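Here chain A shows up in two complexes: once beside chain B, once beside chain C.
Moving on to the complex of A and B:
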């Protein structure tokens, strides 16, 4: 089984995938990174062996990323199984069959975003491209700001689940060495060193 | 970085410096950033002690030189950051300052070591004995 962890954004999620990529179980919390990650994984896993651990590496929350990645990395190292980084915005983009603007919470009214065929960026609600409906986990106030700015949020019922989307991204994702996971988060404080 | 000097104040005692800090603290809201600059012993931590009281916190304020960040819960959370020992950009990135600013206000000692817009800068000068000159500037 493959365990997928995403604690990078305004909601947290875990999923358990079978070797063929089908979803054996998944859980999405309505709040941020602090939830019963270890308990959730233990209950979902039911003692079944893990062959890989996949973690969302952002862009996203400074603390959230550290919670999910340290847990996933510890598990992978302990079980001696590979760790696979998954870009947060790629997972959200993969939830839709149609082209979408993937978004993720960046705090203080800003969102990370990824439009089809473009580079990921950081913007306020009013600066986001509006050619595509948006998919992603935002705080309620941030989502309201997007809608007020004219961004359409894609209807949840038309989207794949987190686990199904992660399985798609995993098809092309590669494992990395334990010490080479890279986290992406906001760093607007530039040093003068 | 363009700055506008808002005012200059000379204080005659640590209590006066702290009172100025309390004024600054009392009008802080989440997302506000105050940078403090000035040599060791010029009154920065004393000023922060006042700021914390101004935010309604009764936490004990100490220089976070070795902890790098201290958090004072109050009407608005105040994160107290000290960059004296931070020597590299990577160490700065590991402090997660953006997320702290998302959850409250922030004051940074040795704040002239970061390049950042939309902050208030307070520069401290030691005039001898307990006298200090504080210059308040807005960065734009």
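Moving on to the complex of A and C:
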């Protein structure tokens, strides 16, 4: 079984995938990034062995990212199984069959974004490209700001589940050494002073 | 019983294995001094990233040096505060993951308690009740420890902590980060009698170091270009004022609440003058324990010890945790 953890956004998600990539279980919390991660994983695993752990490495929420990535790393190290980093925006983009603008929460009204065929970026709601509908887990206020700026949010019912999207991204993702797991920031660390 | 300790509250990454809360089997510490040197102080974001990258290697090393397997570990103890939020989240997060992987209980540890418990590692028969002086970059606290896992603050600083005061003085004297050892070295070549500075004194068991800091600032301004020897003399005078002020209150506390055991711990307890003078001030009124230098700096062995003796606590991060938590 492969465990996938994404606590990088305004919602937190865990999924358990079978070796063939089919989803054995998934849970998406509607609230903030910090939830009973260890309990959630324990209940979902039901003691089933893990062959690898995949974690969303951002860009995204400051606190959430650290909680999920370090828990996933500790779990992988403890079980001696590989750790696989997954870019947060790639997971959101993979939820749609059509080209979309993947977004994730950057705080202070800003969002990280990834448009098809472009580089990821950081922008205010009004600066986002509007050629594509947007997919991503944002705080309600941020999502309202996007909509007010003219961005169209893709209808949730037309999207793949988190687990199914993560399975797609995992197909091309590579494991890394335990000491090579890097969080993706796009903001200068100096801004945290 | 073996406890695995994890410490990541500031700029030291450390993993340790401790037996029965007393015996250090391994205590590996990685200092981020080099990483932050160019910035003149700890950069929280860089510190958190570095903890994440260093912990895997340190974990392996700590187990190897202790000759322990994961299945030997019966408790995991991780610092939950006080400290830098991002750094604490990395340490407690990895601890949560290991706890889930090994099915071993996890406890969140108060870093301040850890400094007091470093003394238990240094002296195996040390038991509360204790009187403690914990001096670090963020704290100058006089505490009573009536029993394991219980602490009562009886004296604290009104403004700067002792380490913070040393920090600011060292900067004024043109010393770079890490300033503690640099100031210690500078002061050793100076003579405090040549540049007297006021000794702060408040009633009761309270400290204040901000007036002393201002006095140094004005003295430097009045002197204009202070030469090397004058700066050393000023460093020595500043150090002496802080140390004597700390010990004056420790002396008073020892008179008010007599105790057979006294502990002086924390990063500033590595200071040469403080170590020498504390022994003189305490004299034969009590047994004085000052942990060796590697147990005074932030380290995971003290966290494992505190985790072993204290009550279990969820590893929820609290950056501004006080003695009560």
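Going forward, the second predicted complex is superposed on the first by the 186 of 193 C-alpha atoms of A that agree within 3 Å, B and C clash if a C-alpha of one lies under 4 Å from a C-alpha of the other, contacts with A are read in each partner's own complex, and residues count from 1 in each chain.
Following the convention adopted for this analysis, a residue touches a chain if its C-beta (ideal position, glycine included) is under 8 Å from a C-beta of that chain, and two chains touch if they have at least 3 such contacts.
What you see is a predicted model; the values in this text were computed from it and never measured.
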{"item": "Which of chain B and chain C A:38 touches, first, second, both or neither", "value": "second"}
{"item": "Partner chain(s) touched by A:181 [first = chain B, second = chain C, both, neither]", "value": "second"}
{"item": "Of chain B and chain C, the chain that contacts the larger number of chain A residues", "value": "C"}
{"item": "Contacts of A:108 with chain B and chain C, given as first, second, both or neither", "value": "first"}
{"item": "First (chain B), second (chain C), both or neither touched by A:62", "value": "both"}
{"item": "First (chain B), second (chain C), both or neither touched by A:76", "value": "second"}
{"item": "On chain A, the residue positions that both chain B and chain C contact, one per complex", "value": "62-63, 185, 189-190, 192-193"}
{"item": "Residue ranges of chain C in contact with chain A within the complex", "value": "43-46, 48-49, 52-57, 59, 70, 85-86, 89-102"}
{"item": "Chain A residues touching chain C - in the complex, by the definition given at the top", "value": "37-38, 41-42, 62-63, 66-79, 177-183, 185, 189-190, 192-193"}
{"item": "Touching residues on chain B, where the partner in the complex is chain A", "value": "31, 86-89, 92-93, 95-99, 101-102, 112-116"}
{"item": "Contact set on chain A toward chain B in their complex", "value": "61-63, 107-108, 185-193"}
